[in-house]
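Pasting the structures in now, so scroll down.
The following pair of complexes shares a single chain, chain A, combined with chain B in the former and chain C in the latter.
The block that comes next holds the complex of A and B.
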């Protein structure tokens, strides 16, 4: 079972308290009606499916209830870092160096 | 006592006899025996039949890796367990055991015909033998496979035992209580770290228990063990025996299964049988040791053939000689010590047959001293003896030449093909392995977890090397814990170091095609099978494994993987690392389902949510059904009524006068705040801006893909407060979706979301007399149609209770939904029942609710929709706020595939013969078309309607809205039904009754 750091609670807690919530940094378009069918399709369905670092959303559903973002390695399943919703993607080179 | 038991020897209690039965015969063993050691002490080697060929088999190991000696054990009624390893099951009074895979008996088994028909069962036989003729499948092949499949008999009763589970957090977990593990624990415990040391055996010590002659720190091995274990205990180390580390998961999460009562004569009442420990350790030391490999040659599976290390364990730990006249076949130095110990204990050593030419002189000298003949550079090429080995055939080998054979009589044949480091747990962590060409083994390489591997588990041999390595691992763990520890010197005398070589099949002068040289004993896979798999095109070890089933039995290839790999690599003319090793997966040893389930079984498997009105329903004979996690009243049968009769009566009573229904399970969410209306406009399809306070509206929720996710009536209590209801099953999903949008897409909106599902009890009151029932109980509100029309909401007092009162209907009748604080739900219900007595008020359940709503064509999300249904498909276009610039899913409603023709649309169906359709039945346009027919839709809802006097149904059908009046066909097993497409509203289409 993974341990996940909630950036709101500032605690590292068991995976069972959290729920996965899909890929991160896919903002809903401000005015969907201006999008072409192809653009809207991409927003709805096209995802990165990364092998390696993946930016994704989690919710501390059995805790504070907040959605937050994480960078996780899909090969090792390891969390590289977590950060609050709305924050930009972190610089991972620093994170990776710290991990090694 | 039998002549195979040496009085006073071993760690068993020679003063405590324990009797048990095996296949109906009573035997005597000693306290401390396993079933295997006790049977061997009685001269019994034959303990089972093999799975495929039903060959007689004896015990080959003395540990949890045992592939052959699988027995059924009985611990009383309902407590039968198949496939217990006789080498692990400790003896206890009155233990009843039986052998497996035999009929009529172990010594004479008719299934052994398979052994003669072995050509039929070669590698991949499942894919070949049972292919043709096709007509044989049902009558011949499948019954045969079903009869033969499975190892042992499954228990048939519910397991009456209790199983526990616990969490444990520690600084250091050490897996394996042998020399390396104990050395690591000694170092770490003295640093002040919290240490847990686990071992799957009944006592700590590992190989030291089988090597009492070794001396450590000047003490005999066993005295040293006693000393050090006391020291560890005194330092607060948690020592856990009979505890198997079954799986190693992320971030040093290790699952341990502790066996608590199977070894006890009389387990304490209510004691759990097993306990699953969920351990989170800062550091882990894996000191799991190594497993001995068999050698591969014709007849290497006869009872009496066993691993040399096992024989040494039976002798030194249990005081049992495995034979009087023992031959030893080896490619590793370690087997010499088994031979010497047995010779010193009085067995004759028929010969030591070594595949190697160069042998350490001290070993040769020690053999000579004991008068043991050593045959150097020899191969074994066959064995004789049906139920017990009688002789082994050996030949000298010089280069490629196999010389003349010689028969050596024996009643036991010990073998050693070297040792395989146990890397199972390390592999669970995706740690990588590297091939060590010198030792022909895989060794741990790159680590992914905070773990340290020590001792024989990383290829070391001899106690001095292993102890030193254990100390090193302990120090490394301590350092990682930011503590300090002193290194420790653990000098060893009488050490037993050794090396060896690895082989594929041993060379033979006979036809290799006829050899039954087993690699995987439990699944009866021979060397020939592996070579056949390669010839037939298998290249990856994963394919070879699955084609031959090598390593797929309950022992998970503990003994067979490396031999299998060596042979497959040889057949492929590749190096073993190029062929690769199959992946080890948890659990390390077979683990009972009970241990995994723990407390989560029966009533505690999943919680049952009950409404405040549930006790009334139960007292009044309701039949219940599960809906999501709720238990809901399904119908209320009167004496002599079946479901059909009860539901018909409940429907008629509601439409005639008044029905009462517990709707407390409806999901409820309060949407509050200055931006509540904007939030509702964005979430739901409907327009909310102009909905006045005190009014309510049917709300429809889509996903961004445009498909219906949920629905429910939503009341506006004030400008900034909405009372949202959701479907019973959708409450948590809808709240999650709302929170997601609010937190991440529109954090600027000033809105607060609160789940109030369990705060309100909700009672639905329906029927032409509903107002008459309710009115006398209401204070502060005029219920007349003018003042409180259909789709109104108000706060008032009902039966003296603060209430949120809705006028709405899910039945088509005049209807109210009364919400009161949950703790008053039962009081409200009883007040309404009392008030309704004059109007023959009828309690109804979920089935009647379904019928009444279907008569009106009201959909149930998840029944009439399936995640691919749009509002247009469901005929709910009227619920869309067309003028709103945006809402969740709006853009998708103009996607090409959603505006295109031929979508499945929701319609009503009436059968021409008046029969009732089955929900889920498929619909076709032309019943005479050839198979497979084109299916254009399916029935989503179907009920007998007492109100209408005939059955009704709803269905989704391609282009259904354009097919009104057309006849479609529903093929059923008893014939094709004709049904006419209609509107979904079957009753009161004008809605006059709603507005009464």
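The block that comes next holds the complex of A and C.
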């Protein structure tokens, strides 16, 4: 089982308490009515599907209930870092250096 | 030939249902916390998992803006909170009937919890609480002593949770 650090509870807890919630940092367009069908489709459905580092949302559903963001390596399943919702993407080179 | 004797009568865990009590779910933003704590006469702890108790009332911090409050009576608490609503907007919902509380105790209570709860319950300090999961049911776990816990279970999940606990208890009793 994966262990995930919740940035709100400040504890590392088992994956069973969390729910995956898709890719992170996807902002809803401010004025959807001005978008073309293709742009709207891209917003709704098109995702990076990264091989390697992936920024994604998780929810601590059986805990504090909060959504937060995580950077996970999709190949090794290793969590590089987690951070509170609304924060900018962290600098991953610093995170990787700290982990090594 | 060596034989091992099992004492099948000694209970490794005690599982009891507690009497109903008033229960509230409180949601309030950080800037309204102090005003509300003063109105309720109960300190609202700031860290997730922290607890306070005062005059029969108990508060447990479940999230950054969420508290679970236990009280002997519902009406005075609701009235006190309503009096500061204009200054500290909040949501105070009575959930007394939503959950049933179990008291779990006994020498093997940690084994009982470990059977279905993925969290490291043994590492949880005494006098703290948390919301976690028991099999697939969300529960609130309070640690009152080294081998003493309370568990709030949503009433519709209770038969499932009790069924699993009875099974685990039988296995523990058989020395498995």
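Just a few scattered comments:
Everything that follows uses one rule, which is that the second predicted complex is superposed on the first by the 100 of 100 C-alpha atoms of A that agree within 3 Å, B and C clash if a C-alpha of one lies under 4 Å from a C-alpha of the other, contacts with A are read in each partner's own complex, and residues count from 1 in each chain.
Heads up, the rule we're going with is that a contact is a pair of C-beta atoms (placed from the backbone, for glycine too) under 8 Å apart; a residue touches a chain by one contact, two chains touch by 3 or more.
Predicted model, so just to flag it, every value in this text is computed and none were measured.
Residue contacts after overlaying the shared chain place A:67 against chain B, while chain C stays out of touching range.
Using the contact criterion defined above for the overlaid structures, shared-chain residue A:28 touches chain B, although it does not reach chain C.
Look at A:85: by the touch rule set out above, it reaches chain B but stays clear of chain C. Once the two structures are superposed, chain B and chain C can be ranked by residues of chain A touched, with B on top. By the touch criterion defined above, A:59 lies against chain B but remains apart from chain C after alignment on the C-alpha atoms of chain A. By the touch criterion defined above, A:1 reaches both chain B and chain C. Once the two complexes are overlaid on the shared chain, A:96 sits clear of chain B and of chain C alike. Contacts of A:17 after superposition on the shared chain: chain C is touched, whereas chain B is not. Within chain A, the residues touched by chain B in the first complex and by chain C in the second are 1, 61, 65-66. Taken together, the chain A residues at the contact with chain C in this complex read 1, 8-11, 13-17, 61-66.
Residues 48-49, 62-64, 66, 118-119, 130-133, 138 of chain C are the ones touching chain A in the complex. Those residues of chain A whose C-beta lies close enough to touch chain B in the complex are 1-3, 19, 21, 27-28, 31-33, 35, 37, 40-41, 43-44, 57, 59, 61, 65-67, 76-78, 85-86. Listed in rising order, the residues of chain B touching chain A in the complex are 249-251, 253, 278, 430, 448, 704-705, 736, 739-741, 743-745, 747, 885-886, 890-892, 895-896.
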